[in-house]
């Protein structure tokens, strides 16, 4: 009922000049809100959500592209530098969106349930963490006992090279894992990939002896970033300094840079994913997902197709791992737990398995919930608790509210609820995968006869 | 009475017992010969010398003397895994999906049992209980845990899985992951609001912590006390009873037959006059009861529980179920024993055999690696049947 | 919006510690210590017209959460300093973020050397270091007459760190280290116990947290191990005896080293304990007093920096500077001066013996050794 | 030379010999049927030919080369397409996409061309799509190109399966009971379709069918199996009057009885 | 006397309107045949009767009791058997266990044994395959098993959905003989068949379905003569 009412309302405004007006209005409003109240989570949501009006409303593609580019390349960096945390949130959204898109290939397209996806992320992260830090010189020291002031093995700019290397290494890891296990049926594959995810994490945790490759649980730090040219910082400050209200520091600019890198990766990933999905490989994946026996009888090499999906999904995760290691300058095994894999899976399913915009929306929703909404809510509660406020009607003093009830603690509860409710009421996800309708030239001619 | 006895299918009672003995002995013998061979081979190498230096015994003696205890330990944890694995296998067998929430159903069982005992402890009843009484109280705690877990399992099925029947395979699985998360935090919430504690401790009472000693084995300058704690015995015996009971239920009763029919083809089963929903509820109930009992036993054996306690045992048990061939009860038993043995052997010997380079921290992935290997060569698991799908 | 004059002097101090999960018992009290300090010592700042608020964050003892919080913390210009972290494994990555934004951090509990050895200007701690604590532990073990020892740790940055230092020292002073293993296992230590019991070491050392250590010790005892247990400040929680009970007392008994003595050993803490109890209705857990002191240091530094800025809101850099410049700050757990990398010039190390199986008597554990040691020069 | 030749092919399931030393030759350009009682091993024979099962003995030669040891997809690439006794379509894919999947082995589409949408790629896709539409119409499906396969009625699904199999431009088409569940009218339609597939496209057809109207109507040659063995072979007329076949399969009623002229 | 009647029954698969108000009567002791082309809704009719799906409108009464909202297992207990399209063999139960499942609601062991023997006498092949898994039977063997299993219940009304599908011609004849015999012994039968000629030759009455609606209903004799039926369903021009 509600949804149909909403649809009607939506449809009423989704034609003519309305969409353009709405998109511009939404974006401007969001920008203004964030600009004037840089600490408000709601304002931030208003801004971020303008991407969705951009997506949902029908408007001229050129208009959309211009609006999108302005939003992503100008508005976000500027308001982001004003409040660096937003940039961090958006960066995280981008990273997870990329991961979700990668997993979407494996789960959504090829129908292979991978519960250890984060392993590939770890492979990428550790790849750069090892070569982009001093770890090479620490090989013979037990964790924590190395001398300080060791040199770096490679210059920070090797980072870009490693983004490419990570694609290859992660893809090879994917193939290496996939070869033996891809013959397994769905649920068996799930447990094996889950096991593989654990194996990688445990290896990261334990390969500190006999040779100290990963520095074990202490993690590797510092990890280098690519150089940030001073002139770039200066020119950014020259152009946007007045808008931002303070001089952007190098640290700020690094945030902008990683945001751009992540954004670029997402665009590449979307591009590649869509092209592949629309080709014989994409069709073969769907066919394998639907009926393996029939697919193989049609001449589709099962294992090779599954490996392709695995390798592709893995390579996306690999790149993002490199990005993560460099942006964090710190990597430890705890970041690659089973929970992370499940988190990414949640994003895919929440958004809509097999759906590209769905994966992005899922990533955004979950990340925002995690970083922004729950935390924001908890902080708000703690402020209330420190004040003398009472809940009016029932006369309950906020300060008496148990800290056990902090929303930030109940991430899992919330995720759990989301997953269950989504599956019951909207199993296709927030933006269910759409099949491309083909314009079948020959056919219409016939039907009209 | 006589008729009742006649109607009992003795074969179905004895068969699982025999299997347990065979599996236990079999895996013990296989693994023991592997480690002994390794020990012989490595005795004269740096590994043996390093050990000689530290422990003053040869690697071979060390390995041999430690064996009996390692086997006992492996069996104990193996039976714990088997008991939990049964729950996964029951549900998988009927609905063909991994009930991710089983680990939390297990945890709820553990919590209910432990909370009851803690309450009894506070009331002073535990400390004053006689030996016989303490067994009664333990049984009571186990049964309460079972009831709570069983009820929860049925509710979860009703609320989160039943509406999803007929959806694609991933859908109920994701819902199950959701339930699992939800329950973890719910337990935490409830515990946080009522007791404020994260860790809950199984009170010590009765003689469960005592150890039956079978004797001493000399090892260099020290001796090893060979033995098993009473609680381990309780765990093993209870797990065996559960296995036998379940095996009987599934293979020798009408309900069991209905369960198997529902597992394979729900619409057709209903055409045979089977109430499918009821059978599915019963399946979850049975799985939950077993999980709850396993939870309390786990708490008894390992003392400390927390809201996330289900996760790792659940994972291992699930791996065990897969290893054995998921959906197959005997497979769950075999998988549990094999996995328990494997990880105990790995944990006990790996450090020595690798001169400390890789120790018991690898035991989990060792178990997982074996799982992967087994599945590569036997994709249907150890006991799983490969019913060829017809084209 | 409606920025009034008072608002413009609003400042915040953040805290990060595990407020949920396993380690929240200690983490929550650490935050409460800080809260109490703000309540009791906030007056000078209030008198200067500042409105100081606490911004408590839950790092869930997880580095990812810690870092995410850190990013949020540094993005709030009103936050001038952060008291925090219980786990070194969380503090180390999070402080990378504090460092890049110049936010002063005073740590009440983190003992891993790396916390300060990176030489960050903003990062300080008021407790000792594991490269000393491990040594203290090993020396103590030798003093007990232990000739053979088995070293275990929990595979966390902190636990493994301290265990490495213990082992290194034990090797140096001629103890025989029978084994060195890490484990993430939380329940079933049977496998791990086999090589331990086979070697029957005089002492078993565990680097890590009580929730694992206590379970392990209990199981070892049940299998007939009669030697001595030694652990570290992670063992310092009454839950340890709730888990292991009598088994901690049996045999050679159990000891733990710590950088935070029971609140009662410090001259100034009697009032703290009383106030804490009055406010929160329970005895303070370990590190609550350190939380109090860290907050006190932060408040003092802000006050100093504000005075230097003529009553204006000081910059973060000024606050960080002011923390370092404090000399002989009188806290309830000691008198603090930071050296050039942020370690206290002298730190206290204790070794305690578990005296009773009753968790309620945890704070009565007897101190068997107290040492004042300067941090290693590095 | 025979297009397909099996020499002493065996397939054993546990104790059951489902195919027992079958020697079989199929000349190119013919329509040949395999009939036989239920459980005779006909479907198993198909599964062995297409690599779903690997034979437990014997040789299978197709187009002069051995198929033994090849994977099903490799065999499909050599030019054998099939339909299934219980329809196996890709339910969540559209009708056209199902057919496009059938063309998998013929589409070149290098990764680079795919990513960059080179002209080569676009041209090939467009052509494939065209061909798919033509195939749809050829088997008698109209205006359902964008329909999901699972939403088609049963008869249409059978036709789609045939179109999908034809999409691979096979040399040999294996049809497993394609007329099962069809009424006489529909049966007649598909029978015509089969004949045209052979006549117009030159595709050799091997057919399993229990409906004698179809079998006797279009087969040039019939092979009869029972208990895994080939028990008879010959023209429809020969088979119809072979007493052993009547006994084991056709039943006396079919020969002597009342519906003869309608059934055969 | 009518033992089963459908009055203006509608059924839906999601948005697909599969039955558009059909009314069917089956009288005690009759063989009633449903014929119609693919997708006409014959199987849907049977499924709606046996409770595998619920009608969106209309009433279904069995022995005077409304069963339109009952679950399949309860309908089975009320005396209606259904041998479904696609056979519904339990793939991982043996042939013997499959047969036993058919008699799930029967508790008398001797009766079960008797009926099983009867099944074997009809299809000796099943006896040869007694301990083979249902899933590995050939298509026709599965069909035999499905019918034999349907007989295990010995219901008052038996609904058969394309029982001759995929069977060798010899067996097709046999199947119709069996149906006839069963009917002679008193079982009421509702039969869905593509082989309309054979079906009509043993049925008393028949209904013709077209896209979810009943277009003709008459006695079997008349239907055989009906030109529409002859052209569309009997393959006569």
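Chains here go by letter, A, B, C, D and E, matching the order in which they are written, and residues are numbered from 1 within each.
Throughout what follows, contacts are C-beta pairs under 8 Å (C-beta built on N, C-alpha and C of every residue); 3 or more make two chains touch, one makes a residue touch a chain.
Note that the structure is predicted; figures quoted are calculated from it, not measured.
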{"item": "Most widely separated chain from chain E, with each centre as the mean of CA atoms", "value": "C"}
{"item": "Chain whose mean Cα position lies farthest from chain D", "value": "C"}
{"item": "Length of the line joining the C-alpha centres of chain C and chain E, rounded to whole Å", "value": "76"}
{"item": "Distance from the mean Cα position of chain D to that of chain B, given in whole angstrom", "value": "49"}
{"item": "Chain B and chain C, separation of their C-alpha mean positions in angstrom", "value": "37"}
{"item": "Residues of chain B touching at least two other chains", "value": "188, 356, 361, 364, 388-391"}
{"item": "Multi-chain contact sites of chain D, meaning residues that touch two or more partners", "value": "13, 43, 50, 52, 84-85, 88"}
{"item": "Multi-partner residues of chain A (at least 2 other chains)", "value": "202, 205-206, 293, 297, 409"}
{"item": "Chain C residues within the chain A interface of the complex", "value": "1, 19-20, 28, 53-58, 62-64, 67-69, 71-72, 74-76, 89, 92-93, 96, 100-101, 112-114, 117-119, 155-157, 159-161, 164-165, 168, 182, 184, 378"}
{"item": "For the chain A and chain C complex, residues of the former touching the latter", "value": "36-37, 39, 83-86, 88, 92, 142-145, 148, 202, 205-206, 208, 216-219, 221-222, 251, 328-330, 332, 334-335, 370-371, 375, 378-379, 382-383, 386, 403, 406, 408-409"}
{"item": "Chain A-facing residues of chain B, complex", "value": "92, 96-98, 160, 163-164, 167-175, 177-186, 188-189, 192-193, 196, 315, 318-319, 322, 326, 356-358, 361-362, 364-365, 368-369, 371-372, 375-376, 379, 381, 389, 391"}
{"item": "For the chain D and chain E complex, residues of the former touching the latter", "value": "13, 16, 35-41, 43-44, 85-86, 151, 153-156, 177, 180-188, 210, 212-213, 248-251, 253-254, 257, 259, 262-263"}
{"item": "Chain B residues within the chain E interface of the complex", "value": "254, 257-258, 260-261, 263-265, 267-277, 385, 387-390"}
